[in-house]
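There are two complexes below, and they share chain A, which is joined by chain B in the first and by chain C in the second.
Up next, the complex of A and B:
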């Protein structure tokens, strides 16, 4: 039995030769569409993954180095005038101090500025002072915040602070040495932790000279805040030089 | 509507839905008020999750398309 042929698929030449065109392979549009969608999703996923990796690790590391170098080089020589007296700080981002935390690394240092806005304080400078809380050395609570992850993560290692650790705050006239007291995880709305007398701090008393460090936790999730309380242990005149244990070489 | 189109549409809805439901990657950086402590962290898990979903869907689709 002869197979019927679609006339449109047949070409007849002048000499009578008939050309029967083979049917084109059937287009598998669904398969191709699925492949296209899949490949697009993979591409987008890879781009997103690279972006997240960049923000979380590469940019974080680069910003950390920049903040550290800025802190080490700030306030020396001709720049001394830029380190304001704490009593003269009235505006956001005015830099009035520098912090050293040996537990975070022997070379770790960050500048402290007024306010806790991301830009320009936390993202570029490093550590922000809660507006309205006490200044270093004063009675009350000197409260500061810094990033945990991203933008240099100044307080990335805050969870490692333990009893016996000290935090050094350098201002224009004095060095303030605070000793570790306690760590607590709280809700972001629990602002009582930066009160003049933080009641959640065991043994806190009116008239105490406290320091509170806050940062986000868990890292990169940020649903809570990690709080570290410290107490003023020692005050050293800047003219006497930095505390020996910091090994700053008389800077 | 073919099976492939249905799958493609479903994936689009899933991706779009995930992006809409998840909070923004970088939260608003605002001066802390008396109501909250400073927001001091980049929240990267939503983007990580979206990236994972996209990669899983993508590899799944490619595998399915090559198999059938």
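Up next, the complex of A and C:
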């Protein structure tokens, strides 16, 4: 059976040939829109995944290398004057020390600056000293902070510090050697961990010379803070050279 | 979107592929130097409590 044909869809040529025009397929705009939305979502997802990869691996690694190189080159030779005396530190980002933590790697070193602002202290320099807390070697609590992940993650390996580990802090005149005491995970609001005498530190006493390292945990989640307490073990004059166990070969 | 772009590009499959790769490369460079630092500044703005 033949289909009935709409006369307007038929063209008759002079030679009698009849052209029957088939109806054009309906535009499926709804489906096309859905496809565009889907493709856009996939594209944005890919960009986000790239950003996460960039942030977690590429940028972290690049910034870590930069901070490490800056710390290694800072204050040596003619630049010695750049390392301020801790007693002369009054402003954010003034660099007064350098930290070595063999547990983080034999080449690991970072500069210590005043203040804990992201820019320019934690993001660019590496380690920030909590304003108002003691300076290295002083009675009380020398408290510092650094990123755990992102911007070089200076304290990425902080959870690996264990009994027997030492942290070395170099200043203009002295080397301060701190020995590991305790690690604790606390809420971000628990600021008592950087008190002059941190009560949560087992066996802490008034008159003690402590150091507190703080960072975020879990890494990249940042809902809590990881705190490591250390105690002053040794003070070495800078003129006597760096502690032999660091194998720095003299400065 | 991608299908439309593919058909709009001139040349055969090889030339189209090369153009697509060039565009992806340029996009990655733009992401690295512009988009990612910008996202960084927005998503990880100054804070002294989030370390």
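Rule of thumb we're sticking to: the second predicted complex is superposed on the first by the 245 of 251 C-alpha atoms of A that agree within 3 Å, B and C clash if a C-alpha of one lies under 4 Å from a C-alpha of the other, contacts with A are read in each partner's own complex, and residues count from 1 in each chain.
Just so we're on the same page, contacts are C-beta pairs under 8 Å (C-beta built on N, C-alpha and C of every residue); 3 or more make two chains touch, one makes a residue touch a chain.
Since we're looking at a predicted model, the values are computed, not measured.
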| item | value |
| --- | --- |
| Contacts of A:119 with chain B and chain C, given as first, second, both or neither | both |
| A:17 touches, of chain B and chain C: first, second, both or neither? | neither |
| First, second, both or neither for A:247, with chain B first and chain C second | neither |
| First, second, both or neither for A:147, with chain B first and chain C second | both |
| Contacts of A:54 with chain B and chain C, given as first, second, both or neither | second |
| Touched partner set for A:239, first chain B, second chain C, both or neither | neither |
| Contacts of A:222 with chain B and chain C, given as first, second, both or neither | both |
| A:106 touches, of chain B and chain C: first, second, both or neither? | neither |
| Chain B or chain C, by number of chain A residues touched | B |
| Footprint overlap on chain A, where chain B in one structure and chain C in the other make contact | 35, 39-40, 51, 55, 116-119, 122, 145-148, 150-151, 188, 214-216, 222, 225 |
| Chain C residues touching chain A - in the complex, by the definition given at the top | 1-2, 28, 31-32, 35-36, 39-40, 44, 46-51 |
| Footprint of chain A on chain B - complex, ascending | 2-5, 7-8, 11-12, 15, 27, 29-32, 34-45, 47-48, 50-55, 57-66, 68 |
| Residue ranges of chain A touching chain C (in the complex, touch as defined) | 35-36, 39-40, 47, 50-51, 54-55, 59, 116-119, 122, 145-148, 150-151, 188, 214-216, 222, 225 |
| Touch list for chain A against partner chain B, complex | 29-35, 37-46, 48-49, 51-52, 55-56, 92, 115-119, 122-123, 128, 130-131, 145-151, 155, 186, 188-191, 193-194, 214-217, 219-222, 225, 227 |
